[in-house]
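Chain naming follows the written order as A, B and C, and within any one chain the residues start at number 1.
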Amino acid sequence: MQPTTTATDGPGARRRARTFTGQLQNGDRIAHFTTFIFAAAIIVITVVLFYELYASSSLTREKFGWRFLTGATWDPVALEFGALPFIYGTLVTSILALIIGVPLGVGAAIFLAELAPVRMSAVLAFIIELLAAVPSVIYGLLAIFTLVPFLRDYIAPVLEGTLCFLPLFQGASYGFSLLAGGCILAIMILPFIISISREVLLAVPREQREASLALGATRWETAWHVAVPYARPGIIGSIFLALARALGETMAVTMVIGNAPRINLSLFAPGYSIAAAIANEFSEATSNMHVSALIELGFVLFCITILVNAVARLLILMTTRKGSAA
Amino acid sequence: MILRSTRRKITNIVMFTITGLCTFVAVSVLFFILGYLLWQGGQALNWNFFTKLPAPVGETGGGFANAIVGSAKLLMLAALIGIPIGFLGGVYLAEFGGQTTTFIVRYTTDLLNGVPSIIIGIFAYALIVVPMGHFSTLAGGIALGVLMIPITVRNTEEFLRSVPNTLREGALALGATKWRAVATVVVPAALPGITTGILLAVARVAGETAPLLFTAFGNRFWSPGWNQPTASLPDTIFKYAIAPYEDWNQQAWAAGLVLLSLVLATNIAARLILRRQTRTSRG
Amino acid sequence: MNRVASILAIALFCTGCSDRPKTDVVYSDAPAGLVLINGAGATFPYPIYSKWFDQYHRLFPQIQINYQSIGSGGGIRQVIEGTVDFGATDSPMTDAQLREAKTKILHFPTVLGAVVPVYNIPGITEEINGITEINFTPDALAGIFLGKITKWNDPELKRVNAGLNLPDKGIVVVHRSDGSGTTYVWTDYLGKVSPEWKSKVGVNTSVNWPAGLGGKGNEGVAGLIKQTPYSIGYLEFIYAIHNKMAYGRVRNSDDNFVKADLDSVAAAAAGVKTIPADFRVSITNASGHDSYPISSFTWLLIPSKIPVPAKKEAIVDFLNWMLDDGQQMVEALAYAKLPKELVEMEQKAIASIE
């Protein structure tokens, strides 16, 4: 269909066009307005969400104030609620996920973008992108029956044997632990890091690579010393994206983390993440204070996520300005 | 004495191998998941699974029929909410928005994207379940719809922006007004990408469990209409997976296989269609 | 064309978000005659409840009772909020909770059950035929769950298990991560036998556990115990039986080590002298030589006023059926029947549902 919209075009169109002409100007305005309404709906939803979380947690906010963030006791009987064990569990599992996932992910991205043959790279990247589509509950399902026994029976004894001087690896290993939570999160964030880093690396201008190779660098040296620094903001951005994802991940974590609201230095100990706590306790919180505490937990998680996103943007802004451009 | 050049060559090969191993690990995870699910789930997959309702504890022969239908209904509702807001929001960002409003909307969308799905569940519970007085498919569908919005917005905006300005200018030069240019030229040009994105968004929320825990609630029977609690694939998988009954665990595997197959099939199909479309449109 | 589409989109968006009127319109989209009842609560009676609701549905196909086992805490919460038609709990509602509810909530005992200490010790708990039962004193149980007794070969355990070779391994404690009536019964018992437990941890559906892993529902705890060697947890009796898991004997107040079974649980119920009119009573640590000390009733929480007549009829009818035919099915699933006097009291109480 051709975009013929002038008022004097075509026979049948003339009559319609005349009534339309006056409105042709407004047609744009109506379209602008309509799409704006829908875009505004997004803002409305987010604001209402924020407000809802803030308002419904008023009971515990008033009772505990900032102590909520530093308290380490979560006692629904004594109505004593402190979020520290959950914040600890969330942060520990997410950081562990990054420690495991970033080297693996960036390594794979470098391989796919710089070192591997082009067609192989495209196929493998496609497969890895599919990993991002696997639902969380399926990761959890598999983790219960494969990852947890594997960690408990093979990895933990090794870690305990070699690194037991570190408080990180002391104590009995139940399988269901912070370690399991961190591992499953690492697997879940891999596809994000890989696909975004790969895209960013591929976007590095050919001239940069060619110049490096022309000077006699090996492919690895080109990748590491030329392409990666150029793509660094994007790679860091992908890491933060992965972190934000890991922080909010619920199902897979709750199925393997052990669900114990205690702070324990050992990675073998069971722990609890904010999202897992909400999932487990929300529909059963028997007192209004308990419900308020859980919603405040959600609010804390929301704020942490906003913070991480903001830092990510800032970092990207800073490193882009510092000059990765040619 | 190793020559510096040899050392660099060795480093090259070693790093090639290491990064190759990293890739291998990542790729093999997917095959491991698929293989394990096929092995465990395949055993429990039978005709009963697709046609029967769940059986009480201890009795065999139950199925997931209501969960499959429930998921379909939830996704329909989610699409009804997520697609209009997401698509038109994206159009606004790409075509009509001003400087500040675009910035605010985009920032808010990113915020919403970062909200963990469980919190969207609480949101839907407080806003819909409590005032209505009961759990429902409606609440679950709305929660999933809200989840779909940021993905769809970002995707639509991206593909609209990727349409070359020459197309827009051509339409405007021929006398089209802005909205007609967008509607009849820009959007159709970006349509393959946008539809792919929508399909992927639907596939993504199809696997979400957390927001359904306290909205759709779960149901052992068929759920008529939109006002009753409903079973759904991911929710039932979760409940059956943590149960200590052997036959429930088996069914969880089978359901996991079905869910994963559907999600992966949608993903593969959507991406392949997109690739073919971009290739032909460029040709 | 696009304008029409946009307007349509706005319209759909608005209708999608509008609040629907409550209660009476609930059945407007259900086929005529279909009565849909939603309930939530305890995981302990889930096996018998799922059997009952399934059987009842076969007898009356137009009545569907959808029960989700989200834990006693959840049952209480949702029935207070009114988001479900009935609740189920092993832990009777407190006065404070009853005050919170919009209508008066009635308790109806359904079956008797027991909570047993379940363990997984490689070398001792083999197949069900070769199971060797461990004797637990009240102090041993309190000590383990307080985190003070940490090894299986602790003197407190060895003392009463002379014939067993308890290993020198750490005890992994498993408890509930959700709000649970099973937890209530277990902590109720521990609170009665251990002053330290009562002051330090307390009695509730959800407590601040000094030690251990959390599993969701009886199902989750059973799963965790099965998958974790040298673990111990507490389960409703029926889950241990169904899953062929080893559980121990507990010493009752008459100094007798009793293993939970239908007779010992019934003995505990028989040991209760008076049952209050609202049926809220605890029978842990009951007297009697053969009583199993960690027994409990489980209740259905029914609102005293049910606005939709069809639902009210169905619920009343189900309750009567449950007290009559339903009771005949419980022993096959290893629950104990309600005492006759209790059944008669309940039948009278059903009349007070409006």
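One rule holds for everything that comes next: a residue touches a chain if its C-beta (ideal position, glycine included) is under 8 Å from a C-beta of that chain, and two chains touch if they have at least 3 such contacts.
Keep in mind the model is a prediction, meaning the values are calculated, not measured.
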item: Chain pair with the greatest number of C-beta contact pairs; value: A-B
item: Farthest chain (mean CA position) relative to chain A; value: C
item: Chain A-chain C separation of Cα centroids, rounded to whole Å; value: 37
item: Chain A and chain B: spacing of chain centres that average the CA atoms, whole Å; value: 15
item: Interface hub residues of chain C, defined as touching at least two other chains; value: 2, 6, 9-10, 13, 40, 215-216, 223
item: Set of chain B residues in contact with two or more other chains; value: 84-85, 88, 179, 183, 242
item: Residue numbers of chain A (touch at least two other chains); value: 27, 30-31, 34-35, 37-38, 41, 144, 283
item: Complex contact set, residues of chain B against chain C; value: 55-58, 77, 80-81, 84-85, 88, 129-135, 138, 142, 145, 179, 183, 217-222, 224-229, 242-245
item: Residue ranges of chain C in contact with chain A within the complex; value: 2-3, 6-7, 9-10, 13, 40, 70-78, 97, 100, 170, 172, 177-179, 201-209, 212-216, 223-224, 227-228, 231
item: Chain C-facing residues of chain A, complex; value: 27, 30-31, 34-35, 37-38, 41, 73-78, 80, 144, 148-149, 152, 172, 174-176, 254, 258-261, 270, 272, 280-281, 283-286, 288, 290
item: Partner chain B, residues of chain A touching it in the complex; value: 1-6, 24-25, 27-28, 30-32, 34-43, 45-46, 48-49, 52-53, 56, 103-105, 107-108, 110-112, 115-116, 124, 126-131, 133-142, 144, 146, 187, 190-191, 194, 218-221, 224, 244, 247-251, 255, 275, 278-279, 282-283, 295, 298, 301-302, 305-306, 308-309
item: Contact footprint of chain B on chain C as seen in their complex; value: 1-2, 6, 9-10, 12-13, 16-17, 19-20, 22-23, 25-26, 28-31, 34, 36, 38, 40, 46-47, 50-51, 53-54, 57, 64, 66-68, 81-84, 215-220, 222-223, 226, 239, 242-243, 333
